[in-house]
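Common to both upcoming complexes is subunit A, partnered first by subunit B, then by subunit C.
Right after this comes the complex of A and B.
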């Protein structure tokens, strides 16, 4: 089968070739996604194998009986499953939160304040003559992004690598930094200050210091000059910007820089989204409930408050009394104290593979792998919707099937 | 002598490749180490395969030490359960833990690196 869609990272490459159980053309991460690995064998309650129906019945019971269950994950499943998750969260008066809350959600906060001058990966490939990766390392996190869209990609107006200046701004000399024409090494936590300095230069002001955040001012003037002279520039920012000191304020400041550049030329800014459908995990609740994450339904209507309703906040403050974890692994990826609470409450997991969350789940429901054993629609990192395919038959239920059934049981119980 | 550092976490290609197989040896290898600057590595008296203990106000963890392309005073740990023993759970109201930029100290240790299950406290 041709044009197979990869369900690993946010680049959602749509040109894989699948033959006799083998995937071609994808990167090492994409290949690993399609390779054979250990699966959760059967649905389980407290370690005992049960039928799908029994496990779902038990899961629904836990969710309905909890005062405020947390329904978390969603970035590695399809829109159709996410929609059911939002509906279940509403029915049981729980919290809907998704992987972005520990990833790119600070960008959502910035967007609420400032809007976002954005564009598609296609526009970058065809037009961008200056590409900046800020706190992003696509060579390791989105390996084909540089070749398909941003560095070596051949486009309509950009014929080859020589037509494009690539800048990497980071605290480490990453593998991506080695691809760059210019590498700007900064001190950890100084993104905000450096963006402010660039804004000042672009505005025509003078910097009164010798260096900002470990970068000599001459280098900042050079960078600002390059930015102002671009015909079409893009800042791709990564978790280096959202997970370090400043968080949402860093992104807000970077958007302001782009707004300012747009008075002179054309610039866009876009996050390097991680999981293949993390955009969907925000877009779907936004069209169902008005918000992208950290949504609490305990009062019967959706309320948004990252300080209260993100998974880490709710867990650290012990503000949830059960959890449904779908297509993610918070036990591996949350700070220790948040995991401590997860260990104390009933946890239901829906996932194809055993992971750390499996080890502390009371109900485990194995699912089919979307993009290999199940189909559905997903958002690529630039908001383009693609249909992922089903390539092989399986006995496993898809997330959609599992959640459809769970929704049915929940509705029956709560009326 | 322990040294003061700033700790950052992040993706690596090996962490990504093994992320669906967290109960395997490969995943353990991909996430249970830290990278230090060559000067810091030497200052701590480390050699290849040695272990370090990293402590922050949020916890402590023992990991393998490697020389990496990080600046002096910065330690990089691949994202995962080891990094999360010492990362900040304070989100400043954003929901986002400070996964990059937590201050801590690093010292050489003879203690063992725990397995993924031991880290989680389920074994």
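Right after this comes the complex of A and C.
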């Protein structure tokens, strides 16, 4: 089958070729998604194999009996499953949170402060003559991004790599930096200061210092000049910006820079999102409940508070008494204190593959792999929806099937 | 089966003006008395109550990336709790609402159909996902065409055959309902940092002008005989002096005719009805527009009425949204979309004492009052002009000069010199506002079974606690305003969903889409589609669009 949609990173490339169990044209990361890996064999309750129905019944019981269960993950499943997750969270008065709360959520906070002047990846491919990667390393994290959309991509106004200037701003010389025309190495934690300096220069003010964040002022003037002379520029920012000192304020500052640049020419800014549907994990709850993450339903209506209702904070404060983890592995990625609480409460996990979270879960429900064994809609990093396909038959239930059944049981129990 | 007994019916499409009648419902449709077994009917006593068709919203932003970005950008909008989870979904939202809230609030006002007025084509799967999350209402979406490069290409080549084939292809692929145009050419120029200012400005690369785009797309729409006419958001939106562009745009279709509906619907005209040369000397251009619309027989408009208080501007008119961001200093989201168009979102508050806001408010009403009731539809362009939940206020205002006089006391006196609202004596009748919110939008949309209560119509019915034969809306405007907010019943597809203003059942409506592919030869555009998808799109051609099976309850309308 041609035009297969990849379910690995936020680029969601849709030109894979799947034949005889083998995937072609995708990058190594994408191919790994389609290769054979260890699977969870069967649904389990406390390590004992059971039927799907029994496992789901038990999971629903745990969720309904908990005072405030945490429903976390969602970045690596389809929108239809995420929607059911939000509905279950609402029914049981729990917390809905998703992977962005430990990666790109500062960008959402910046969006709340300033909005986001953005565009689709196709706009970049067709028009962008200046592309800046800031604290982002697509060559290793989104391997086909440079060729399909940003660095080498050809389009309407960009006929050749020579038509485009590529700038990488990072604390170290990444593989992406090697593709760049200009590499600006900055001191860790100085993103905010450097963005401020660029804003000042674009505004026509003078910088009274020799260097900012390890970058000589002349180089910043050159960079600002390049930005102002661009016909259509884009800043792609990564976790280097959202998870270093300044976090959401870095992004907010960068958005203000882009607002300023639009007074002179055209610029957009966009986050380089990680998992293939981490955008959907925010979009779906936004239309169902009004917010993208950190949503608490314990009062019967959604409340948003990132300092309280994000998974790590809720776990560290021991503010949840059960957890449903879907398509995610918090035990491997969360701080020790959060994982310690996770070990103490009943945990249900839905995932195709065993991982560290499986080891501490009371109920484990294996699922079909979306994009290989199950279909559904997902959001590419720029908000474009693509439909991932079912390529092979499987005995495993899909996330949607599992959650549909779980929702049904929850509704029956809650009344 | 339902038997709605002794109601006072107003049904403009069928010329019924306050007659005492019984209405019978079977299998979601309105039927003859003989079709039902009265003993099996659920009887609704509608004595002394107004019985009308369910409201038809023809221009609102109910689904897709714009509204959802608005929600994400404005958590402060979500802090009003409208419903706590229980039998029905939890709903939050002040002016912006969650998807379940949209369905509930429209139904709680007696509206049963709503159309998303601007869907970016490549974003159509998102639009449909959100439409599917809206309960109760029947829905549809209008994909935007006015800045799509295929349209530029076929217009510049003067190839009507290809343009028609393309429109049919695009509507089928996006499961859309009709053709929307937003600031034709202007959004493409925004990609180069500017906008078009006249109908004769050229679009980069293609050299086409807004004038050519509009004319050719209307011709194609008519040749395809799509149920809905071209639905246009004019150039120069929000610019003082723009009423002239609006009238010039309307003149482009003079001489064109369609027996069943207008050939052009100009939307949220309030934002395109300004005279003057700057915000310092801005005044109303509504009278000029009204004069023009009233003398033609092929154009309709909707009001785009601002409501004082909070709103969120969100349109496919990306350059206008940037201007608004600069003007207000508010947050700004932008979305350039491949080779199709763009969009922007900016929070907004309409203040009665602000001269410009008060003028905008007055212009909306002027349009509603001065234009014939069979040419103007009630709208706030939600959430651009404010909440749709204020339609009862608009209806009451249109019917009562006294209410307007009272309201005029609290707004900026600038309105007195810059608009004619204070001098307008017109008071629309109940019959007219029912037309403006039911039969007319249904007619413009080409939805034959909507907006009326004749046999064969969908059993979408609203019953209000008003006796049209006794009430004097001119005096009892408060009663009107109150009663339209709280229907005694809203019936959707034959099921009672609202009783005494409260939700009693959650149903799922259909999503209408139009299939005109049999009217054209797709082969004509095959190579163009391949060329553009290979070179300029960021998705593969086969992965573009929406399959019918992904839509919850699709209703396909084939154009013959």
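Assume the second predicted complex is superposed on the first by the 415 of 415 C-alpha atoms of A that agree within 3 Å, B and C clash if a C-alpha of one lies under 4 Å from a C-alpha of the other, contacts with A are read in each partner's own complex, and residues count from 1 in each chain.
Note that a residue touches a chain if its C-beta (ideal position, glycine included) is under 8 Å from a C-beta of that chain, and two chains touch if they have at least 3 such contacts.
All values derive from a computational prediction rather than experimental measurement.
J.: Have a look at subunit B and subunit C on subunit A after the superposition and call it: clash or fit.
T.: After superposition on subunit A, subunit B vs subunit C: fit, no clash.
J.: Please work out whether A:123 is in contact with subunit B alone, subunit C alone, both, or neither, and reply first, second, both or neither.
T.: So A:123 only meets subunit C here.
J.: After superposition on the shared chain, which partner residues are touched by A:108: those of subunit B (first), subunit C (second), both, or neither?
T.: Only subunit C is touched by A:108; subunit B is not.
J.: Scan A:251 for contacts with subunit B and subunit C and give back first, second, both or neither.
T.: In the superposed model, A:251 contacts neither subunit B nor subunit C.
J.: If you stack the two complexes on chain A, which partner ends up touching A:5: first (subunit B), second (subunit C), both, or neither?
T.: A:5: touches subunit C, not subunit B.
J.: What is the contact status of A:400 with respect to subunit B (first) and subunit C (second): first, second, both, or neither?
T.: In the superposition, A:400 touches no partner, neither subunit B nor subunit C.
J.: If you stack the two complexes on chain A, which partner ends up touching A:240: first (subunit B), second (subunit C), both, or neither?
T.: So A:240 only meets subunit B here.
J.: Smallest separation in Å between any Cα of subunit B and any Cα of subunit C in the superposed model?
T.: Minimum C-alpha separation, subunit B to subunit C: 15 Å.
J.: Hey, what residues of subunit A end up touching subunit B and subunit C alike?
T.: Correct list for subunit A: none, the interfaces share no residue.
J.: Help me check something: in the complex, which residues belonging to subunit C touch subunit A?
T.: Contact set of subunit C toward subunit A: 63, 65, 67-69, 71-75, 77-78, 81, 83-86, 89-93, 98-100, 122-123, 125-126, 129-130, 133, 149, 190-193, 205, 322, 325-326, 331-339, 342, 345-346, 535-540, 542-543, 547, 550.
J.: Within the complex, which stretch of subunit A touches subunit C?
T.: Touch list, subunit A to subunit C: 2-3, 5, 14-15, 79, 83, 90-91, 93, 108, 111-123, 125-127, 148-149, 154-156, 231-232, 259, 262-266, 268, 282-284, 286-292, 297, 299-302, 304, 377, 379, 383-387.
J.: Once bound in the complex, which stretches of subunit B touch subunit A?
T.: By the definition above, subunit B touches subunit A via 6, 8-13, 16-24, 58-59, 68-71, 74, 76, 79-81, 84-89, 91-101, 116-117, 120-122.
J.: Would you mind writing out the residues of subunit A in touch with subunit B in their complex?
T.: 8-9, 28-29, 32-33, 37-38, 97, 101-102, 105-106, 109, 137, 139-141, 143, 171-174, 185, 187-189, 239-240, 242-245, 247-248, 274, 293-294, 306-307, 309-313, 316, 329, 331-339, 343, 352-356, 359-360
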